């Protein structure tokens, strides 16, 4: 629970500061990001799996956390999430494993929120 | 057609040489790779979308080509493939765009094979 | 001259196909990209140096070529461009050097266009 | 203020240990690094913008912090720094955004040092 | 001592959870990893140097810590480890230096375990 | 033979142009690079294995080619080189495999030079 709250609180606070700034490109990029994961030709489950696995192979812990939260929200099961992360580890190699550890920890905490 | 044939021919020839070698880890990794994209908790379409987008954000043209071929094979539509690649470009940034160009070119050639 | 023409021709042809597609995110990303390098709080020389060096440390040959063309266009001197690329090599390490070789070759060809 | 002090203290302490070691290549690399950002064909503002944005696209928080400190020191404005970081986010994609959050936080703390 | 214990405790706890999960690919990848660093055509010192330097250029602090522990265990000297890390910094550039700082700190703590 | 000659000829020609330029940082980086792989606390075989595997996980074909040539020159056997590359593929994941294919092809050509 601590991990999830900490992540969300910090993320919201800093996003607010960024949106308050005079950074046109960044604001538009944030805006694009918001729309990219809504339903389109692909459903939102497929899109969140893309977001999760791309975040994992690029080894961005915060991005992984964010998409794990969304994966749970859109109804992906633990087995599906873990299978997707397995593919990401295979693609990205053992260098991804430390991030997988933190992903497993965060996923566990998400179940208690 | 040239692009697709060239890619497949070279890939097969080199894979054969690698499998003929005395490289236990590599052989097992190839073996893992073969099984990773078969149906499991996720269907093969979801898995190919993961393979495609992870390849794109990691900017590996050959991996993108391989998964584009598989995406077509498993019945993903052009709209779905392009939407997935759009998300990958957003995650990976404009640095991905040169790889997107080659992906569009390869996808087009795949339609004529 | 061949290198420069080849690059520009392929880039334009593929960009056109991408813009003709049904890829909303990609189109918006292209649009953002067009506006990012216009004058703002920073002048266009500073922005092109950012584009060039980020492309070099991320080791994207096509991005490097594009920004080398723009660097010449906005009036950056050879000495400035080479110094910037030196910093990029230091930040990104010797792994950047093969891309530096191709950058030097392309810059030379740009002088004869 | 805490963030800035923590960063500088740890960095100085560890740099000292590294320079005390028997690591010839590393020492020369440190030496090269010191000279790379002094005035040359480019002024120090352009060089710090290069250092900052390359650090951001390569997603190195410590490198970003270091160059934010230098950007402030050489007189770059908040608007210029934010615009440069916006370009870096566009080039590197949304995967850069968690690092942008920490960069905004650090920049804010720098104003109170 | 704190750093080493913290790292090992967390790593073991999470590895156990991962091995308890239903993640076939991940388990096989872990299994491959265990065997990869045993003696073969190369001795274990050469293999640990490979593991260490690849971890460093890929900028994975946890992987670096793990291989530093193994480097000490298999009898590599401080001079050898530092020289290998110097080559990694040269290959990967100054972006690797923040990870080198943490590697030096961890190596020092390893001597007191 | 074609691959090896092509690589060496282009590399030498461009290195010469780079060394003729007014790029102090780059020249010093080249100089550092030349000295890094000479015998020190580690022997040259260990150093070339480091160079080869770091190049492979960072997915730089030209760097891989260069170090494959050096590996052969310093007397590493095919079994040793392949085992090292297997570890690199495990660390870096299946995304490395297209580069492994080209490495196998180049190594084969090296035997006929």
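By written order: A, B, C, D, E and F. Residues from 1 in each chain.
Everything that follows uses one rule, which is that a contact is a pair of C-beta atoms (placed from the backbone, for glycine too) under 8 Å apart; a residue touches a chain by one contact, two chains touch by 3 or more.
It should be emphasised that the depicted structure is a prediction, and the values quoted were computed from it without experimental measurement.
A.B. asks: For subunit C and subunit F, which third chains touch each of them?
C.D. replies: A, B, D, E
A.B. asks: From subunit C, which chain is the farthest off, judged by mean CA positions?
C.D. replies: The most remote chain is E.
A.B. asks: Tally the contacting C-beta pairs at the B-D interface and at the B-F interface, and name the larger one.
C.D. replies: Counting C-beta pairs in contact, B-F comes out ahead.
A.B. asks: Can you check how far apart subunit E and subunit F are, centre to centre, with Cα atoms defining each centre and the answer in Å?
C.D. replies: Each chain's C-alpha centroid was found; their separation is 23 Å.
A.B. asks: In whole angstrom, how far does the Cα centroid of subunit A sit from the Cα centroid of subunit D?
C.D. replies: 26
A.B. asks: What's the distance between the Cα centroids of subunit A and subunit C, rounded to whole Å?
C.D. replies: Their C-alpha centroids are separated by 30 Å.
A.B. asks: Would you mind listing the residues of subunit A that make contact with two or more other chains?
C.D. replies: 25, 29, 32-33, 36, 54-55, 57-58, 63, 79, 82-83, 86-87, 89-92, 94-95
A.B. asks: Which word fits how the chains touch one another: line, ring, star, complete or other?
C.D. replies: The chain contacts form a complete graph, every chain touching every other.
A.B. asks: Can you name the residues of subunit F that touch subunit C in the complex?
C.D. replies: Per the stated touch rule, the residues are 10-11, 14-15, 17-18, 21-26, 29-30, 33, 54-55, 58, 60-63.
A.B. asks: Which of the residues in subunit F come into contact with subunit D in the complex?
C.D. replies: 24-25, 28-29, 32, 35-36
A.B. asks: Given the complex with subunit F, which residues does subunit E contribute to the contact?
C.D. replies: It is residues 29, 32-33, 36-37, 40-42, 45-47, 49-51, 53-55, 57-58, 63, 77, 79-80, 82-84, 86-88, 90-92 of subunit E that touch subunit F.
A.B. asks: Residues of subunit A touching subunit E in their complex?
C.D. replies: My answer: residues 59, 79, 82-83, 85-87, 89-90, 94-95, 97-98, 100-102, 104-105, 108.
A.B. asks: Can you tell me which positions in subunit A touch subunit F when the two form their complex?
C.D. replies: 57, 89-96
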